[in-house]
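Supplied in structure tokens, the structure appears directly below.
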Amino acid sequence: MARRTQRTTASLSFPVWAWLVFFVFTPLALVVWYSFGYKPDLFTAVSTDQLSFDRYGEVLDGVFMPMFWATLRIALTGTLLCLLVAVPFAYWMAVKVDPRWRPLLLALVLVPFWTNFLVRTIGWQVILAPSGMASDVLNAIGILDGPLDILYTRGAVQLGVVYNYLPLMILPLYVVFERLDPSQREASRDLGAGRWRTFFSVTVPDALPGIASGCLLVFIPLMGDYLTASVLGGARGTMVGQIVARQFTSAQNWALGAAMAVTLMAFVLLTVLIVAALFLLVRAVVRRARHLDLGVSP
Amino acid sequence: MSRRRAPDPVRVLAPRAEAGRISRRALLGGFAVIGTASLLGCGSRSIASTASTDGALEGRLNVYSWGDYENPDNIRAFREDNDVTVQVDSFASNEEMIAKIGASRGTSGYDVLVPSGQFVPMMVANDLLSKLDHSLIPNLANLEPAFTAQPWDPGNVHTVPKSWGTTGFAYDQTLIDGRPTSWQDFLDLAAGQASGSVSLLDDAWEVASIYFGAKGIDPNTTDPADLDAAEAYLTEQLAPHVRNFNSAPTQSVIQNEMALLQMYNGDARLAFSESDDADRWRFVYPTPTANLWVDTWALARGAQHVDSAHAFIDFMLDPEVAIGEVDWNGYPTGVAGQRALAEEWELDMLDLIFPPEKVVARLTPAELTDAQDRLTSILEQVQAKAG
Amino acid sequence: MTTTTVSLRGISKAYGTVTAVDGLDLDIAEGEFLSLLGPSGCGKTTLLRMIGGFEEPDAGELLLSGESVVGVPPNRRAVNTVFQAYALFPHMTVAQNVAYGLRQRRQGQPRPSRAELAERVREALALVRMSEYADRRPKKLSGGQQQRVALARAIVNRPDVLLLDEPLSALDRNLREQMQVELKLIQRQVGITFVFVTHDQAEALSMSDRIVVMNAGHIEQVGTPQEVYGSPATAFVAGFIGTQNFADGIVKDRVVVADEVTYAPELSALDGLEDGRTVRVAVRAEAVTVVAEPLPVGTANTAVGTLAGTAFLGDVVQHVVLCEDGREILARTAAAGAQPLATGALVGVTWAPESVHVYPADAS
């Protein structure tokens, strides 16, 4: 009977395995394969008759690295800003709002997703233009004196990415906050902790898986984003994704583009691992500080 | 007492007989084989062949062009007159189009392409275009003589001109004093009054040509010394003042985002006509030279709707149809007598559509040279240093 | 003289159109073990939560140790709660859970030193006999163990009042009874006022100094277990505590006639009830005896019927006697010494006059 179940499980997971192989592993393998190739002439995009690591050398020597650091800054700031905005909002939605209204609020959070990514980013371009609505409003209420100068700067890109990726942070946070046991919060209050103490000592540690998924869901695609920067960033707000994309459009150097893509993936993975390690370190330190030695032998 | 078992759910996915035999290892092995085979299949070298003409128009035509480049009224007219469904897809750069056509090896499904002239020789060399049957294009006689002898395709063997234009720059008169006339003036303005508010074209040749133009060097040069000098100057003297790279900055003009923009004459005309404040803008055909680019109609290798394709190209060469294109995208076609027709049609800003004779005489068409890779790299450097 | 720790006056709370608590008055004495007993929806949990500060009353006065705490949040009341689902913090060890309350800053009191913290946590864990589990995570503990940790976590803060919200309802019978004994002992030991919510009357009876029987938002009776059991003030209390045999009848000549059965209570039970008045009588099953020889029909405080079934409940035996008029009478006797009776046999049931309780039928 057990054997039958094993085979059944293997067969049932066929669609998932097929999807993974055809749409994830095979294309990835292709990209890695191309990254060892070269651009033989002006017209042909890539050739793999001679394999080498030269493209990687080009990547690390060229404009890629400074662009990567700039992008990393935007991505980390963007993730943090998303977190700061999403946590109170998701908490309010999951805990304070009447359960009847929650599905409606969730739908409203998702409404921007019904519009194409590019279209809503262009919408921001119109709003942030020097002669646009934002400029008019800010001048009218007196914060700004003169046309708004934020378009085609890093600031505009930062705003755009937070706007575009915020729902991806709100949703996992909402899910995890909603699942929290309200009596734990009550217990914390009961034991003398104020609202903020309760939030940081009880709610946040329980919500860590949600916070982690939200951050990953935002940070990783953000590192590769090039649309937001293309539309809002101008020269100063370039992100590394644009350089990678350019190799596949105007420069037509697929080998270099593939090498850039692989390098980007590796660096993003490395960043995530470093942050995870830092987090575990901090947690270990906090645990050590909180540890109670009762002197009781087990 | 035997237990009743629920019906095996695997039945839905695989025949009962097979279901029991699929183990996880076999499954993964199967995928590995299929995956490798699909990868290997990517290496095929043969190109599909073009269909032959038979006089009868096919019911469909697939056109691959730049975005919004054809007048919808013309397309509709062709469709209704000939009962042919016309599908127009768009690409954003020649490289993108060439990559797609090249990779598909003649099976892209497109019949008519719109490559820029300078890319045509290479496309021919790589067997991506088919020869045109001139007997099916009687309106070729309408072309201005200059456009029958373009260096990249003398005799219109593979291509027919569609629209042509030149590069210049537009500036905001309220922010910039003086009357700039040359590329050197452009560079001076960029470093001076317009600093931080400059937009350049997102094109390697065009950006480099600003420097070459300003210094009187042939923009199609392949001399490494020239290229080094261009890189040095552009990255250090121009890049820090540039705010954005955009090949179609009409919105930037309309929204008054920049003070100085390198742009094509047709885009400038479009921007001025849509702007609320057109008087503050002025377009310059800079001295000593600028690009003369020509976009062409070409027949793709592997096209399946060849008769319709020829009929379409012939249709577009009709002066009355061609002027509709001029009206739509603001660029002249290669058809003769368009200026007179434009006056008849009462199009405005004619000087922006038809550059003056003395300007046309000094233009230099861009060529695809060995320096292309270097130019691309220079553009990357400039973009990295920009802002 | 006992001091009053908790004082409630005219407390009301409604949720929309539903009234949870309706104009309630209650005094809870210092050091007593008080149970709030009642069916679901009677308002006992709402009342508990109002004392704890998790809900605010719509009207009324609530005093803790003489001071009004209306509007004071739970973290500033000298009250601690043991929650029904224990609500232990999963990412902290048992010891850290217990220490949590001590670590919070209180007004006017200095934070305990590390040593003092450890000492008090040790003490609390020893009290609930969970010392060996100090470094365990809650998810590694059984229900009963989590229960004890929750108790320690609350008690360690030395609150004026400890609130327990049906803490034993998730435990199995044996563990429950064991915990009832332990809780009672602990309460005696630490001397803190316990307010205990339960719907299980046996639990309330066994542990409490006083029981508050609640129904539909108001108090039916407050008294010691003996008072509530022996002299239920209303029909509801009578029905809720113990197993009752109810009958509706009419007062006539100092007795209550309910169809063919005559109930003759003690004379004082009929005070104020005139002839012809409809009343409800209750006789405890434990007070009913089954006799093999039925007495003649019509004799007061007797009935005749067939023995429909006998249930063995361990310590007691419960007989079900089916009378001719369809009425079922339950009788319970101690299992030891119970005479065996044949099912289907004709038997008589009888009870003493003092075990007949009479309630006006229109009383709510």
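A, B and C label the chains in the order they appear, each numbered from 1.
Everything that follows uses one rule, which is that a contact is a pair of C-beta atoms (placed from the backbone, for glycine too) under 8 Å apart; a residue touches a chain by one contact, two chains touch by 3 or more.
Please read all numbers here as calculations on a predicted model, not as lab measurements.
Q: Average the C-alpha coordinates of each chain, average all protein C-alpha coordinates together, and give the chain whose average is closest to the overall one.
A: Here the chain at the core of the arrangement is A.
Q: Once you count every C-beta pair in contact for both, which comes out on top, A-C or A-B?
A: Higher C-beta contact count between the two pairs: A-B.
Q: Once you find the CA centre of chain B and the CA centre of chain C, what distance in Å lies between them?
A: Spacing between the chain centres: roughly 85 Å.
Q: If you average the CA atoms of chain A and of chain C, how many Å lie between those two points?
A: The separation of the two C-alpha centroids amounts to 55 Å.
Q: How many angstrom lie between the CA centroids of chain A and chain B, rounded to a whole number?
A: The separation of the two C-alpha centroids amounts to 33 Å.
Q: Which residues of chain C are in contact with two or more other chains?
A: none
Q: Which bits of chain C are touching chain A when the two form their complex?
A: Residues in contact with chain A: 52-54, 73-76, 79-81, 83-85, 87-93, 95-96, 99-101, 104-106, 117-118, 121-122, 125, 131-132, 134-135, 153-154, 157.
Q: Which stretch or stretches of chain A touch chain B in the complex?
A: Residues of chain A touching chain B: 4, 6-8, 10-12, 14, 17-18, 21-22, 25-26, 29-30, 33, 39, 42-45, 62-63, 66-67, 125-126, 129-132, 147, 151-153, 234-238, 243, 246, 248-252.
Q: Write out the stretch or stretches of chain A touching chain C in their complex.
A: Residues 181, 183-184, 186-194, 197, 201-202, 205-206, 290-296, 298 of chain A touch chain C in their complex.
Q: Mind listing the chain B positions that touch chain A in their complex?
A: Touching chain A: residues 8-10, 13-14, 19-24, 27-28, 31-32, 34-35, 38-39, 42, 92-93, 95-96, 98-99, 102-103, 122, 125-126, 202, 204, 239, 242-245, 251, 255-257, 368, 370, 372-373, 376, 380-381, 383-384, 386-387 of chain B.
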